[in-house]
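Note that chain A is present in both complexes that follow, paired respectively with chain B and with chain C.
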Partner chain A sequence: MKESRLMLIQYATAVLAVALVSIHLIMQGVIYPYATAISFSNILSIYQNGFYAVFLEALLVIVLVHGFNGVRIILHEWRQTAPWSRWVDVGTVLAIVVSVGYGTRTVILALFGGVTA
Partner chain B sequence: MADNTPKGAERAKNKRGIWGWINPYHYNLERWAYAFQRITGVAVLAYVLGHLGDTSFFVGGPTGSGPSPSSWDFIGTIFENSFGHLILVLVVLVLVFHGVNGIRLILAEFGFILKKPSKIEYPYKAKGLGSGQKYLIWIGIAAGVAAAVWAFLVLFEGMG
Partner chain C sequence: MTDVRLLVQRFDPLTDEKPRFAEYSVPKREGMTVLDALLYARDYLDHSIALRFSCRQASCGSCGMKINGRLRLACYTQVEELGGEKVVAQPMDNFEIIKDLVTDLGSFFAKHKQLMPYVLRSDSQEMDHPSAEFLMKPEELEKVLQFTYCIKCGLCTSSCPTVGTDALFPGPQALAQAYRYLSDERDEGGKRRIDALDTAHGVWRCHYAGSCSAVCPKGVDPALGIQLLKRHVMSGKARSEGAEVWKQQAAAAPPLK
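Entry: the complex of A and B
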């Protein structure tokens, strides 16, 4: 993908992240008191509400794409050899896939998994 | 055609790499904001990855199979204390600064807060930057501090 397009993705995810992270922070300390917000029953009800599960998944993807693409940009500015650039790009994609996968696993298990001990 | 590419020591002097952008000493406020944007960005990403790990304990951790109150209580005993809350306050501080300063950078990138280019004159201040960007940087710092105070009140309420 062209660098100009990746930069536009960086800006678009930045704007979306500002909106989604703001909502996430407000839910942790304004809508509910903090102790309630992090209680097991409250988090379970949030995950098992389809709307919020989609919200959390979108937050996960947008923040991780923005974060790892940001690190990729820094690493590209640091060194510019062809092998370095290739490894940085491949590493970025891998890091996004692995971390989004792990976070998605949490959302899916919270949404569909049965409550254990 | 003459090759004006710097060589040897001159090239090494000009190529300061990652230490060049980490060290904004002797530069203007916007340059400091640039360095902090990157440092806070990396810090926030490190926190997000840790947060992915701790929230996974809601479903029993890496080997879990579904929502687990005991696993969630276990991770709570590690992070829900004064030190953990202090880290969260710092995260909110740098996160809000990163967000507001990031919006400034996007506005600058698309030319909304840049002044018209003009002739370079002594004392060689960057005329294109204007005062709007400085205000936005200070707004970012103020918003970060305000959010950190709010987070402190939310997190430490009732802890004593």
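Entry: the complex of A and C
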């Protein structure tokens, strides 16, 4: 993929992350007091709401893509050999896939009753 | 007449392990530039000082160096504006030192050439045997005019933090020139240039520190050029319509005699 497309993704995920993380923080600290927000039963109830499950999945994907892409950029600037660049690109994709997969597993399990209080 | 303390960083990679400073006492005179002071020291005090210079009027870009911690042209910096008592001359950062104040600008010019700093066109017949002038509208010229003032002194590239860490990054000078030609209505080399700079080590590695623009002795704003270049690349405009625009202008222009 062209670097300009990757940077477009980086900018778009940055903007979306600001919006979604703000909503997330409001939910965790304003709508619910923080002590209540982090109780296991409350978190589970959030995951079991279809709307919030989609929201959390979107948050997961956007933040991970933005974060790992940012690390990729730093690693590219750190060293400049062709093998290093290739491994950085492959490693970034793998890291995103594995992390999103693991996070999605949690969302799906919680949503469909695989986790109980 | 008072003297100015001139500290010159000396280093010969063939014989020295690390740089050292040599101090010279140079008689100060009104209007004396740092280059004047260095030439006095070289001519009368120590013939072995190595420095590069040519025009002495901020046109050739040869005498770029770090003066009192800031990147400047030695011929364009008066001793008096530095306080008039102490001048510290060091070679530019981000370049290999050949000797003392002389740095190797080979990679700098190679990167400049890599982004094809000239008008690229497909009609080679017209280029070789022009039927009319390659005209440019004044408003088109205004878009790129400041970037044509670049004298390739290397100060912007020396100041760039990304160049310091990423050896493959083209640097502010080359990227600003790439923008200058990409924006030229007569140019048709958009795709070739964009392919060369839309890479993992290309234009996107500029983090907009802005130091390039701060040190340019000619008032060019390479940081602005790079941001405009990013917009140009992001928009996906690989200019090929330039030929048509030029043909229309050429048709309206008087023929060459």
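Going forward, the second predicted complex is superposed on the first by the 113 of 117 C-alpha atoms of A that agree within 3 Å, B and C clash if a C-alpha of one lies under 4 Å from a C-alpha of the other, contacts with A are read in each partner's own complex, and residues count from 1 in each chain.
Criterion: a contact is a pair of C-beta atoms (placed from the backbone, for glycine too) under 8 Å apart; a residue touches a chain by one contact, two chains touch by 3 or more.
Predicted model only: the values in this text are computed from it and were never measured.
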First, second, both or neither for A:Glu77, with chain B first and chain C second: both
Contacts of A:Val54 with chain B and chain C, given as first, second, both or neither: neither
Partner chain(s) touched by A:Lys2 [first = chain B, second = chain C, both, neither]: second
Per-residue contact with chain A, leading partner among chain C and chain B: B
First (chain B), second (chain C), both or neither touched by A:Ile26: neither
Partner chain in contact with A:Arg105 - chain B first, chain C second, else both or neither: first
Partner chain in contact with A:Leu94 - chain B first, chain C second, else both or neither: neither
Contact residues of chain A, present in both the chain B and the chain C interface: 77-78
Of all residues in chain A, those that touch chain B in their complex: 11, 14-15, 17-18, 21-22, 25, 28-29, 33-35, 38, 40, 43-44, 47, 60, 63-64, 67-68, 70-71, 74, 77-79, 99, 102-103, 105-106, 109-110, 113-117
Chain A residues within the chain C interface of the complex: 2-4, 7-8, 73, 76-78, 80, 85, 89
Residue ranges of chain B in contact with chain A within the complex: 17-18, 21, 38, 41-42, 44-45, 48-49, 52, 55-56, 58-60, 64-70, 72-73, 76, 80, 92, 95, 99, 102-103, 106, 109, 147, 150-151, 154-155, 157-158
Chain C to chain A touching residues, read off their complex: 162, 165-169, 198-202, 204-205, 230, 233-234, 236
